[in-house]
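Same chain, two partners: subunit A is paired with subunit B first, then with subunit C.
== the complex of A and B ==
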């Protein structure tokens, strides 16, 4: 049952409030990490126009992360602003999913990762689009309008690599073999997510969302004769235990901030 | 932009130029914005959107394969050597000739009608 939609969190019980914080952090960290990963293509994408497109997508994701971190900062109200949440944690404290822990890899890795993530993210966004907490519902309404284009863009590329045959097809299959086993970690269960469902913030448990996602991407994988993602191993640890590849990325994206954390930009 | 794009993946994968026209706001005519390189219509539309639309500077785009543009660049047809200014929408420019005629006849220029 949905509570009345409001920007006030006072009507959330403490468990739901904590769970909302976990949800915001996981969504923001996902967008932040994939945004930074994709920004690594700036200057070296396969063609100039794609370079601009991928850089623009990366900026969109970091923009979404910023807005989500700001919501979280407002919710926690503990003196940490969005930048502090984004940059001042150690690698083990990030809550992005294991799918985004892989190194950038080649173009096929990037397309495979983006396709798996963007389609899963679309299902997750739909599930919070009617959240009883108005600030989240409003923000997600805007984010979904941009993410629609992201799914179109990466879908066009997945199709090209899959149908091109030869090296492109082989590289795509290799990339999916590496990444697809971790794809479902986007839906790794959140602590106390039952409270989010009961509180009208999340439309359904993550398990149900994963099933919706599989139904959504199934026809694409079948049409392109690709193997659909297997279930994730240890889903309960799907947002923990980050890799050396992420530690490297973390050292990159915190490098300027670490020079002078108190600097005003 | 249609979710399907105007065409599926290109058959050859070869990059070719596409011309992009943009409408800046409702009611404006389409104006040429520039061009993008792309292997097919679907990616051409994506790239046109990124280069000519992502900053909310356009309300509509037309994306046309440059090879589909019929070009006319013949000086005999476009810049004929004789004076054909009477074919312009405004016709001959009469102002200077009228002023010279009035001077010769000594008549002042009539006042503009009131109202």
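== the complex of A and C ==
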């Protein structure tokens, strides 16, 4: 079936190689940023069990980010290791989607953001699960087994808040409204993504993946009588123009690294 | 030790360790997070090979979770145990094949149960679709009283690979190994 799958990128043309780097960076930055955002709940989540769960989710995401940064470091082979890519860039150079640029907010903001992100990420992961580049396909095969639990967990919370009525539902509706303009930015088109599709790395263009995602989440929004998110207003800028909220998060997650960039831990 | 009087030509070079000997040694390395089971019983060992020319040992391990923080500890424990063979040792981690909880051996499952961890139910298929609402997971048997009347309290436990449950039979909390 996958006789042609290989760990070698020599058979990729230079455009596809660059596009693969961009895909890896966008996926890794997404996981890294949502992992750090959710780790902000450690110690202050509304329930003790949820404190444990959110911390565990954050740990999973940062683990995924690290593995993706390692693939990228190997691909670029320019002397920067995974930590350098993760920590040594300035805020405008990160390529996570704008959905993850909102401040942590309240619990409803966190659940709404994670529901939109985890469902979109599930569609994206499925689209690279059969990638012709073996290291990505192998890693994603493992990541999908973990992410299944994330979607299950956040889906249960979305339902709980939506069906609770009262303040919980109002806060959830407000959160979804705040995130709506950026909800679809996970599928911001990548430069030269056509080369990834032609090279057998990405199963379909981001536009098609967004349509699959809407089909996936539509029934849940309908059942819970929530408004599904509109298309992104400027999809081509969906991974650019990061906010002050991200600049603050960046200053937090780079603070230890900046104390002594050459330290060995 | 070679006695100083022995002629070097009569000293037989030590043979490289057998793969079976390497496996037996690996079976003595405990998992750092759940030390009642070995890395072999957890299904972490994908391959162990011995180079017939120089006797160097190459072990490939499968992380239970991508972000498992115990990997460096496991690598160090394997290197320390295999140092007894006095040959070069290389330990790699791989996601091919992906580790799944179905790899835990029968003996590993029994050891987990005896120490209060419910062993995992069968893992979902690799290409199972991600559903927003999964069917509730099959109820897990209580490792203390074997009752199936148990409730999932939290799919996320004290480590990435564990979940937290409550038994309505004996009213005890317990942990389970997550099916992944």
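Convention: the second predicted complex is superposed on the first by the 262 of 265 C-alpha atoms of A that agree within 3 Å, B and C clash if a C-alpha of one lies under 4 Å from a C-alpha of the other, contacts with A are read in each partner's own complex, and residues count from 1 in each chain.
Quick note on the criterion: a residue touches a chain if its C-beta (ideal position, glycine included) is under 8 Å from a C-beta of that chain, and two chains touch if they have at least 3 such contacts.
Since this is a predicted model, take the numbers as computed values, not measurements.
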*Based on the superposed arrangement around subunit A, label subunit B with subunit C as either clash or fit.*
clash
*Based on the superposed arrangement, let me know which partner A:126 touches: subunit B (first), subunit C (second), both, or neither?*
second
*Which of subunit B and subunit C A:56 touches, first, second, both or neither*: both
*Is A:147 contacted by the first partner subunit B, the second partner subunit C, both or neither?*
second
*Taking the superposition as given, does A:138 touch the first partner, subunit B, the second, subunit C, both, or neither?*
second
*Would you check which partner chain A:64 touches, where first means subunit B only, second means subunit C only, and both and neither mean what they say?*
second
*First (subunit B), second (subunit C), both or neither: which does A:164 touch?*
first
*If the two structures are placed on top of each other, which part of subunit B overlaps subunit C: 58-66, 76-84 or 94-102?*
58-66
*subunit A residues contacted in one complex by subunit B, in the other by subunit C*: 49, 52-53, 56, 149, 152-153, 156, 159
*Would you mind writing out the residues of subunit B in touch with subunit A in their complex?*
1, 3, 5, 8-9, 13, 15, 36-39, 42-43, 46-47, 49-51, 54
*For subunit A, which residues count as touching subunit B in their complex?*
47-50, 52-53, 56, 149, 152-153, 156, 159-160, 163-164
*Touching subunit C in the complex: which residues of subunit A?*
49, 52-53, 55-57, 59-64, 66-67, 119, 122, 126, 129, 134, 138-139, 141-149, 151-153, 155-156, 159, 216-217, 220
*Would you mind writing out the residues of subunit C in touch with subunit A in their complex?*
63, 65-69, 94-96, 98-100, 123-124, 126-128, 130-134, 153-158, 160, 164, 178, 180
